[in-house]
């Protein structure tokens, strides 16, 4: 044991979802000996979802995250479909996917423009003023566009999910209500508007997106869904795991996830740390979310997103280990989701009224996966013959980044704190550690 | 005159309540113009509510750990008007279902017994992180609450109404109505002969879900949401909590079930049959309000640890 | 609380059209039964809001007895049927929350059944004595 010096604690960590803290342990010379990111709360969904009916889980799981409730709603629906052995009609799947793209538009807009962008767009502002409200005062026109873009996302969710926050319509075997043609027409208009907004907003921030030196590189593995063609996917598909050099380690259906993913527990955070099982902890640390997805994918599947992706690729060699590129990947995914939503809404089957399949209550196992805005999300249910949950395992997107966040916090601390001197809160160190842990959020 | 000020403290949360504030969308700039937002951790870099105090303090989330008790008291001290904002703050919310288990059971399950966890040494987080309380509490267990804005999350429209009332110095009160009162589905007669699990039968999109035999908490839940779930053909799960002067949402629902069944005794299901058809009574009827219900939690010394569904 | 002087506290909700008169009958017939019950007259067993029952238990009653008219005799036609469903569900509620469902008992006692009232009360008090005090009694509000 080296002799210990002072401990610095930053709590709460702000402009993130949930409760986090950072502690930095200095040695006697005042240099960083160790640093950690702590998630400060746990609610225990894996415990209290037990003894609940499988078909109620969709409406309980949403409360894990108020920013990405759609992802929990749908991962839960996928797991319940599998458990009860019921395949929803095509239109139900389309409506669920549309709901999910609404989620991506809302969450990504929130994450980048409301939470992160103030650091980039208000560089000379003090920390007390560096937030979206100041941005609103300085540039109401820009913020007006941001508000509208996120609103379109929320409106897509509300139209398909019944409510924008904590949707309620997905059920085993489908979705409770079809989409009327009238609503479809309205949504299509809104999605067209969202596409214009996204393409107007991107050039405003694009010059800031390649400042990768603001954040350290982090050599980790990556995990995400891909289409059968290897394109980026957020709704359904196989999981692909790569290492930090881009080598493919595994590609597998989610039902095999236990072979590839384990979760480590530390004594200093309520959030668990997942890892690539064959490599063990901590070697098997991987990251998820926009950067994880774009790193595992070989390509994008829609034109505007592909164009953006090609631009990034021309500047940086894959895989992108730069944490800062989370932003650019995220904005590329906004385009992807806007385009996908458009495709779904222009498919004539979207307004079909056959949206549910009846099912019979039974026991068994069901595993569901989806790409939540912040990363791969897995729900694994076991039920008794009465369809009552007896075991629940959740690997939420937040945990997927926990190892990366923890490591990133240490790197940043080591970079900025030397001989006991803590730099004044400059633009760099404010915008830095934040992106590390913003990829986190609330615990289970 | 100085502008009134607003602070938002977040306890054990999912952030949905904070997103609901942002979901004022185009109305948000107007609200921020009328009331000065001083503290909201999700959006701003302040570490605590301002020392000089605020006019209005919103508290979202229930109380799950020791640190949150302190945060709550600090917020109470610094707020002239304190609002329990959302179901968790008001009744414990869905995380309150953890009160069916002990704290130790919960930690054991999450950190040791879950299937993907690799924890051979049985480590339970305890450094830096605040210790959990034995159970989840609504904030009224600790401090005086001036107003309650229920909902999971509260609808943006009601948030705007509340803020307007407070700015104008008016009392804010939800109308004494239930979700049923605002529901567009047609109620005709109380003729349920059996209760069915959600999704196991096609829904009639016109008719009252409860009368179709699905569990719906509309009759016993405070209105104000414009029946947003049943309107989307999903039954109410009670996120607005019980109506005024009702202690226990489940007791009220049990009362309602007693009378929604067909009255002709030759056609009515036997009481034991009804019990069987409602597989998770507490988890359904107290989905959002267990922590504020009659007993607030399971009395663990008496709970036989068997999985449910295999009823004697 | 397990000392020998403990006597169960019973709250009894009795329908005025039958069981309350039955209790009177027991009294006028001088039939002995344990004095543990506080009898509350209600207009119908169907008037007993489940909240009343939970509240009685919350306030440390060791047992709650609902006494109503036999099926077919309800002054309001179906009140007792509703009660039978509610009590079954309330027993399930109590079981899930960890309170012995036996602390809640439903009996049909007519105005003529003074003997049955007394015997029910004896049996219930004995059963509650075996169960012991209300689990909330330690630290619960009086």
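Order of writing sets the chain letters: A, B and C. Residues in each chain are counted from 1.
Convention: a residue touches a chain if its C-beta (ideal position, glycine included) is under 8 Å from a C-beta of that chain, and two chains touch if they have at least 3 such contacts.
Source: prediction; values computed, not measured.
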Chain located farthest away, centre of subunit B as origin (C-alpha): C
Could you say which chain's mean Cα position falls nearest to the mean Cα position of the entire protein shown? B
Hey, how far is the Cα centre of subunit B from the one of subunit C, in Å? 32
Measure off the straight-line distance from the CA centroid of subunit A to the CA centroid of subunit C, and report it in whole Å. 55
Based only on mean CA positions, could you tell me how far subunit A sits from subunit B in angstrom? 25
Among the residues of subunit B, pick out those that touch two or more other chains and give their numbers. 100, 308
By residue number and range, which residues of subunit A touch two or more other chains? none
Help me check something: in the complex, which residues belonging to subunit A touch subunit B? 9, 11-12, 14-19, 21, 23, 36, 38-44, 46-48, 50-53, 55-56, 59-60, 63-67, 69, 110, 114-115, 127-128, 130-133, 136, 140, 143-144, 147-148, 150-151, 154, 161-166, 168-169, 171-173, 176-177, 257-258, 261-270, 272, 274, 277, 281, 356, 358-361, 380, 384-388, 390-395, 430, 441-442, 444
Flag every residue of subunit B that touches subunit A in the complex, lowest number first. 10, 12-20, 22-23, 25-26, 28-29, 32, 37, 41-47, 64-65, 67-68, 93-95, 97-98, 100-101, 105-107, 109-112, 114-119, 123-130, 132, 152-153, 197-203, 205, 228-229, 231-234, 237, 279-280, 283-284, 287, 307-310
Considering the complex alone, what residue numbers of subunit B touch subunit C? 100, 246-248, 250-252, 254-255, 257-259, 261, 263, 265, 268, 271-272, 274-275, 278, 281-282, 285, 294-295, 297-303, 308
Which of the residues in subunit C come into contact with subunit B in the complex? 46, 49-51, 53-55, 57-58, 71, 77-78, 81-93, 96-100, 135-136
